[in-house]
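Attaching a single structure in structure tokens format; questions to follow.
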């Protein structure tokens, strides 16, 4: 039913470059954690350190409470989905999925049973696909084979390295939904690397946001959104108005973070501004409006029916309860 | 383990391929009387190699262009398959062809420079073709489309856009063929009947007839150095091609 | 495109005419190449009865087999481990070196060994080593691009799924490279079988290979239908190799 993953003071070096600095992270058994961050933030390196593909320079890695820091990848009870899928081009679908089972010396009958189970799990008709070569499959089908190959060995921990970054949005959303269902059903621990915050909230019970080899903030998505630790988190994890706190008379330097959906039109809010509308965009569920005021451009998400157009002078603002102050 | 096998293999490349050149060096330092090739021989070799390169490229270019744009796998296979046949076999088959041509038309090719040139072109057209093909295939379609939209005919688009863009490939093919042709022994010997005397034939005779290791070594090293220089130029040209 | 297509086919035909003609004449019931005397197999009968020719073909085949096995097997390890440009460049030099320079250099070494160590390597050993000297780097260069088909992540995926390092080499790396291995083996085989110059510089009078035998006639401009039959036989490895080669590399599309 999944094993916990824990990293204590983990550092990874590539030559002189410190790719990970003192990482401390705890993932509960069966939990879904997303490692989110811009490229070069070290999120893939962190995943590879958990997998045992990249040696750690210092610190400890625990899986299910056991120290696996120096164990090779094949002995960590993990499985992994790679960004380029890493399907074996010389094997057909069946043999790709069966690869891990063959190494466990299972009888043929058992291998067959499990491969069929795994293919059905990822919604590929075994009869139709088993003997196909992998390059004869579409991108989405290849994803499914890779997922089946990773799941068939019944891993305690499933690691995913931006697995859906090269496929169409529609297929990506469908696969994300299915992955989530499989995660709930099979109960493995899941660690998912992505640079896309929309993907992150889709799959993660918890999100760890990384920057320059460090974890900046870990928490539930709503915590990162409503109570970002700093300006970087506020900007990377959702749209935000970030203004100097001094502008609100809220002293001591630092910044005030206000989400666009909390900006309102009219004279009622605690903090009031007056400005000119410079852009209005229809975005299905709301209007995205940009208002220039005091040398800043404020973003506001307004009701679709709001009578507003470019050039209007408007009063707007937000309530004190919707303002979150950050230091840097 | 895997690494160790690879390193042993690499060491044997150095041992088998590079060390022998030191042996040439040994004979060079041993000294002797340098029998220089005659000026006419050097001229013949250069002219023959340059002509071979030019003619091969001219013959190969249209086919390379066609293959890069529309060619089928079969056509490509048929054009490159002659690379598999050894030079000596090709030379011998041409010898037979020349005999027939002479009997039928009275045109004597055996023992003439024209015959040797024909043989070398026959040998090197596939090489030139492969090099040109690689260069033309890499060209993007969009500059041509842009030229067409701007009013160029297909021919104009080719002459003003594609041909200039494929010039690095032409240069690479020239250097490659020229280099191989410079050291050629078999074609001049078989088709030239030892009357068309080249640098390669000379080195050959220095060993087999005169046993003159000193002159042979000096000339071989010069040829090797020239080829390294030429290769360096090809690599640079190809690199600029891909950028 | 149609004129270009016609041109290409004319060129293809032109490339095959001389060889095709020679093959045809090996079945010609006339000693003169320009007289067609009807179909016959008598030149092949003559070839069958010519012991020296058989010995020469056999010698060439044995050398080519030994050379291609050694070169390709070692080459695959080199290509897999020594991937950087600097290593490939070392091998590339060998591929473009003019044959006559290289052959003379090898002969020079064999002479030095003979003179100073008293060991005469001219003959089969010399030929084998001389062929290996240029086919080994050739195999390295030819195999190098295919190593990219073994993606790092495929190797890592195998490790994660439970394969040891050696097991990964045999279950993942080798099978992916198999078609390239076959292709390279064939190129090296055809090359070694056909090579004349390097063989001439390193063999002894007692060890005659097929190209050496052919040269004895070609260099004197002599035509004889039995020699056409010999040459036709020499074509077989090249043509078979080429046909298999195109099938093998297709798998990498």
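Letters A, B and C name the chains as they come in the text, with residue numbers starting at 1 for each one.
In this section, a contact is a pair of C-beta atoms (placed from the backbone, for glycine too) under 8 Å apart; a residue touches a chain by one contact, two chains touch by 3 or more.
Please read these numbers as outputs of a predicted model, since none were measured by experiment.
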Please state, in steps, how far subunit B lies from subunit A along the shortest route of touching chains. 2
Looking only at C-beta pairs in contact, point me to the busier pair out of A-C and B-C. B-C
Distance in whole angstrom between the CA centres of subunit A and subunit B is 56
For subunit A versus subunit C, what separation do you get between their C-alpha means, in angstrom? 54
Taking each chain's centre as the mean position of its Cα atoms, how many Å separate subunit B from subunit C? 18
Touching residues (chain side subunit B, partner subunit C) in the complex: 1-3, 5-10, 12-14, 16-17, 19-21, 23-24, 26-27, 59-60, 62-63, 65-67, 69-71, 73, 75, 77-79, 81-82, 84-97, 99-100, 103-104, 110-111, 122, 125-126, 179-180, 182-183, 185-186, 189-190, 193-194, 200, 203-204, 207-208, 213, 216-217, 220-221, 223-224, 227-228, 230-231
Along subunit C, where are the residues that touch subunit B in the complex? 1, 4-5, 7-9, 11-12, 15-19, 21-22, 25, 33-34, 74-75, 77-78, 80-82, 87, 90-94, 96-102, 104-109, 111-112, 129, 132-134, 136-137, 140, 166, 169, 187, 190-191, 193-197, 200-201, 211, 214-215, 217-219, 221, 223, 227-228, 231, 234-235, 238-239, 241-242, 245-246, 250
What residues on subunit A touch subunit C, complex-wise? 51, 53, 72-74, 76, 78-80, 82-91, 99-100, 103-104, 135, 149, 153
Could you pull out which subunit C residues touch subunit A in their complex? 149, 151, 153-154, 156-164, 167, 171-172, 175-176, 178, 253
